[in-house]
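Input: one structure, supplied below.
A, B, C, D, E, F, G, H, I, J, K, L, M and N are the chain letters, set down in written order, and residue numbers restart from 1 in every chain.
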Amino acid sequence: MDSVSLIGMISVITAGLTVAIGSIGPSLGEARSIAQALSAIAQQPDESATITRTLFVGLAMIESTAIYCFVVAMIIIFANPFWDYVAASAGG
Amino acid sequence: MDSVSLIGMISVITAGLTVAIGSIGPSLGEARSIAQALSAIAQQPDESATITRTLFVGLAMIESTAIYCFVVAMIIIFANPFWDYVAASAGG
Amino acid sequence: MDSVSLIGMISVITAGLTVAIGSIGPSLGEARSIAQALSAIAQQPDESATITRTLFVGLAMIESTAIYCFVVAMIIIFANPFWDYVAASAGG
Amino acid sequence: MDSVSLIGMISVITAGLTVAIGSIGPSLGEARSIAQALSAIAQQPDESATITRTLFVGLAMIESTAIYCFVVAMIIIFANPFWDYVAASAGG
Amino acid sequence: MDSVSLIGMISVITAGLTVAIGSIGPSLGEARSIAQALSAIAQQPDESATITRTLFVGLAMIESTAIYCFVVAMIIIFANPFWDYVAASAGG
Amino acid sequence: MDSVSLIGMISVITAGLTVAIGSIGPSLGEARSIAQALSAIAQQPDESATITRTLFVGLAMIESTAIYCFVVAMIIIFANPFWDYVAASAGG
Amino acid sequence: MDSVSLIGMISVITAGLTVAIGSIGPSLGEARSIAQALSAIAQQPDESATITRTLFVGLAMIESTAIYCFVVAMIIIFANPFWDYVAASAGG
Amino acid sequence: MDSVSLIGMISVITAGLTVAIGSIGPSLGEARSIAQALSAIAQQPDESATITRTLFVGLAMIESTAIYCFVVAMIIIFANPFWDYVAASAGG
Amino acid sequence: MDSVSLIGMISVITAGLTVAIGSIGPSLGEARSIAQALSAIAQQPDESATITRTLFVGLAMIESTAIYCFVVAMIIIFANPFWDYVAASAGG
Amino acid sequence: MDSVSLIGMISVITAGLTVAIGSIGPSLGEARSIAQALSAIAQQPDESATITRTLFVGLAMIESTAIYCFVVAMIIIFANPFWDYVAASAGG
Amino acid sequence: MDSVSLIGMISVITAGLTVAIGSIGPSLGEARSIAQALSAIAQQPDESATITRTLFVGLAMIESTAIYCFVVAMIIIFANPFWDYVAASAGG
Amino acid sequence: MDSVSLIGMISVITAGLTVAIGSIGPSLGEARSIAQALSAIAQQPDESATITRTLFVGLAMIESTAIYCFVVAMIIIFANPFWDYVAASAGG
Amino acid sequence: MDSVSLIGMISVITAGLTVAIGSIGPSLGEARSIAQALSAIAQQPDESATITRTLFVGLAMIESTAIYCFVVAMIIIFANPFWDYVAASAGG
Amino acid sequence: MDSVSLIGMISVITAGLTVAIGSIGPSLGEARSIAQALSAIAQQPDESATITRTLFVGLAMIESTAIYCFVVAMIIIFANPFWDYVAASAGG
């Protein structure tokens, strides 16, 4: 097993697991926020503008952690400096 | 075991696990949102338009994390740069 | 162990686990939505049309994550590019 | 250990685990739906027709994930393309 | 270790684990349904016919997942195609 | 390690684990049903006949999953086709 | 390591684990039933005869799963067919 | 490593784990029963005789599963048929 | 690694783990009983004698499972028949 | 396997897992805060300014732990001193 | 690796883990008892003497399981018969 | 594998896991405090000054445990005495 | 790997894990006691002296289990009899 | 792998994990105390002085377990007697 295939294998596994594990927290978290927002709207319809605005700010912050994971997975697949190095070495 | 079969094996496993693990969070999260939306509609039928609209925006955001997983799995199966490299090397 | 049997073994395992793990989240999630829908109908029978419609839209979205898993398992069993490659190599 | 016995072993394990793991989610999910349906009938007997109909649609969707698992297990035991290939190779 | 004993061992383990794991979900699920049915009868005795009928339909569906596991275990012990193949090969 | 002792070892382990794991779900499930039945009797003593009858039907169905496990364990210990085969081969 | 000591070791481990794991479910299940029975007696003292009778029937069914485990452990220690076979072979 | 020390090691581990794991279920189960009994006495002091009698019958049944574990551990340490066999063989 | 050090190592590990794992169940169980007893005294001070007496009987039964573990650990450290045998063999 | 590929592999895995695991806590934590904030606004609309301000301070502190993880992952990918050292050594 | 260092290593690990694992149950259990005692005092201040006395008896019994673990750890470190034996053998 | 790459690899893994695991507790803990603070403000707006002050003191203490983890990770990456030693040895 | 480095490695790991695992139970337990004490003070301010005194006695007992862990870790690092023995042997 | 790098590696891992695991309990515990304190202040503003004082005493005790972990991690990194010994031996 040479370096190229090792780094390749590891990159594939890591990219997949990163988005998979990284989807659990944000999806459950967003669900909790949305569920509470719907409950709050039903309880206090007059405040639905404030509630919706606060909800969207919050969803953006929660989604940011999912996006960190997606960004790292994309870096690992398409802009991986370690792969570039060993591929360059192997091709050199 | 040569590089080609190793990268192939790892890609198959990773693609499967990514969508499998990535389906747990979003499906439970969407269920929570929908359950609360139904409860809110039953409690405040007059607000069903606002509730449904907020629900659909939320579902879209939760579904996005499931879609990240599906996209990464598809990239790993059909547009895997590491596989392309080693297959090209093996065929070269 | 040659490449053909390795890729074959891994594909069998992955296909099975993908649908097995991928059935947990959606089935529990759909159950939660349905349970809440039934509770909402019992509480507010006049809104049963709205509740049922929202429920079915939601079930479709939750089912979509189960279907992603089933699709990936079918691709792995019947349209696996890595298997095709190594089988072609072995037969070549 | 030749390819035939390896693929055979893995297929046996995978078929068993797939239905075993795949029975957990749907059975618990169906139980939740039925329990809530019974509770709703006791609370609102006049809506028992609507409740029962919604319940059966829901059970069908939950059961579908269990059936995906059973189908994949049957494919793995009786219509396994990888086994057919290696058995043909071994017999060839 | 020849193929015959390997396939045999694996089949024994898989058959046992399949029914063991496959008994957890259905038994807990049926218990939940029955418990709720008893509670509903105590709350609304006049609806006991409807409740009992819905309960038995539900138990049948939950039991079906346990039966899938039992069927697969029986197939693995008494009608295992992989065992038949290797036993035929070993005896041939 | 010859085939006879391997199949023997595996059979012992599997038989024990099958009944051990298979006792968890049914015992907890039966307990839940009984507990709810007792609660229902205390709440609605006049319905104790209906409650007891429904309870016993339910316990029979839950117990059936425990019995599947016991049956499989007995088959593995006393009527194991794989053991019979290898013992016959070893003695032949 | 000859077959005799292997089968012996495995039998010791399995017998111990079977009763250990098999004690968890029944003991917790019986506790739940008893706790609810005591609560029901306190709530409805006039029904204590019915409650006690239903409780004892239930405890007998729950205890049956613990007894399955004990029986299998005793069979494994004192009437193990696999041990008898290998001990006879070793002594022959 | 000869058979004597192997069987000895395994017996020590199994005896310890059997009582350790076997103490979890019964101790938690007895605690639940006692807690509910105390609560029931506080709620209905006039029924304390019935409650105490039912409690003690129940504790005896729960304790029986702990005693199964203790008995099996004692058999493994002091009346282990497998150890007797290998020690006799080694000393013969 | 000779038999003496192996049996010694295993005995040390087992003794420690037995009391460590065996302390979890009883300590949590006793806590639950005591907590409920205190709550019952606060609710029904006139029954404190009955409550305390029932509590102490119960604590004795729960503590018995912890004592089984301690006794087995002490036997393993100071009266281990397997160690005595191998130490006698090594010294003989 | 030389040092360069080892450090590269480990860095890829660690970077992925760090952001993946590091997204669970913050996303669930932020969701809890937002849900409670929405509930508080619905309950006390006049205090929505204070509530929103306290919420945003809190979200910033929770997000900080997610950012620590992202920063460490970026350092590991793009400013890894250990990689720089071994790459310099390998190139030297 | 000679016997002396092996027994030493194992003794260090076991002593540490025994007190570490053995601190979880008692500390949580004592906390539960104390919390309930404080709640009971707040609810029924006139019974604080009875409550405190019952609490201290209970804490002593819970602490006893922690002390078993500490005693076994101290025996393992400072009065370990297995270590004494092998150290004497090594020095002899 | 020489010492330099080993220490490097271990340092990368440890730094990543330390901040990742170390983010779970503080983020969930801070969320709980903030959620309760928002609830308290909504319930008692006049005390919002006291509540906010107590909250910020508490957040600082909780954040301190996250900062311990970040500090240790930074020490491991940039001021690691073990790395300095082996790098000096390797370069010496 | 000689005995000195092995005992050293094991001691470092054990000391760290002992305090780490040993901090979980006591910190959660103390938190529960304190939380309940604060709640009791808010409910019954006149009994704050009794509550505080009972709390501090309880915290001392819970802290004792954390201190056992810290003491054992310090013994393992600075007064380890096994290390002293092997270091003396190595230096002798 | 010589002793120096082994002790170094183990020390790095242990230091990181000790603070990481050791941050979970205290941060959750402190959060629980603070949350209850805020709730108590909102419920009984007149007792805020007593509540705050009791809270700070409690936080100090909980933080002490986190500090034990940090102290042990610092000892392991900067005042490790085992490392000093082997580094002196290696340099001697």
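As a convention for this text, a contact is a pair of C-beta atoms (placed from the backbone, for glycine too) under 8 Å apart; a residue touches a chain by one contact, two chains touch by 3 or more.
Chain labels with UniProt names: A, B, C, D, E, F, G, H, I, J, K, L, M, N = ATP synthase subunit c.
These figures come from a predicted structure and were not determined experimentally.
Engineer: Could you tell me which chains are in contact with chain C (ATP synthase subunit c) and with chain K (ATP synthase subunit c) alike?
Structural biologist: none
Engineer: Using just the Cα atoms, superpose chain D (ATP synthase subunit c) onto chain K (ATP synthase subunit c) and tell me the rotation angle to the nearest 5°.
Structural biologist: Copies differ by a rotation of 155 degrees.
Engineer: If you average the Cα atoms of chain D (ATP synthase subunit c) and of chain J (ATP synthase subunit c) to get two centres, how far apart are those centres in Å?
Structural biologist: 38
Engineer: Using mean C-alpha positions as chain centres, tell me how far chain H (ATP synthase subunit c) is from chain J (ATP synthase subunit c) in Å, no decimals.
Structural biologist: Taking the average C-alpha coordinate of chain H (ATP synthase subunit c) and of chain J (ATP synthase subunit c), the gap between them is 47 Å.
Engineer: If you average the CA atoms of chain J (ATP synthase subunit c) and of chain N (ATP synthase subunit c), how many Å lie between those two points?
Structural biologist: One centre to the other, that is 21 Å.
Engineer: Got the chain J (ATP synthase subunit c) residues that touch at least 2 other chains?
Structural biologist: Those would be 1, 11, 13, 15, 17, 19-22, 24-26, 28, 30-33, 35-37, 39, 41, 43, 55, 66, 69, 73, 83.
Engineer: Please categorise the chain-chain contact pattern as a line, ring, star, complete graph or other.
Structural biologist: Drawn as a graph, the chains make one closed cycle, so a ring.
Engineer: If the ring is traversed from chain K (ATP synthase subunit c) in the direction of chain M (ATP synthase subunit c), what sequence of chains comes out?
Structural biologist: So, from chain K (ATP synthase subunit c) then chain M (ATP synthase subunit c) onward, the ring reads K, M, N, L, J, A, B, C, D, E, F, G, H, I.
Engineer: Using the touch rule from the top, collect the residues of chain G (ATP synthase subunit c) that touch chain F (ATP synthase subunit c) in their complex.
Structural biologist: By the definition above, chain G (ATP synthase subunit c) touches chain F (ATP synthase subunit c) via 1, 3, 6-7, 10-11, 13-15, 17-22, 24-26, 28-33, 35-37, 39-41, 43-44, 46-47, 50-51, 54-55, 58, 61-62, 64-66, 68-69, 72-73, 75-76, 80-83, 85-86, 89.
Engineer: Going by the contact rule set out above, which residues of chain K (ATP synthase subunit c) touch chain M (ATP synthase subunit c) in the complex?
Structural biologist: 1-2, 4-5, 8-9, 11-13, 15-17, 19-28, 30-39, 41-43, 45, 48, 52, 55-56, 59, 63, 66, 69-70, 73, 77-78, 83, 87
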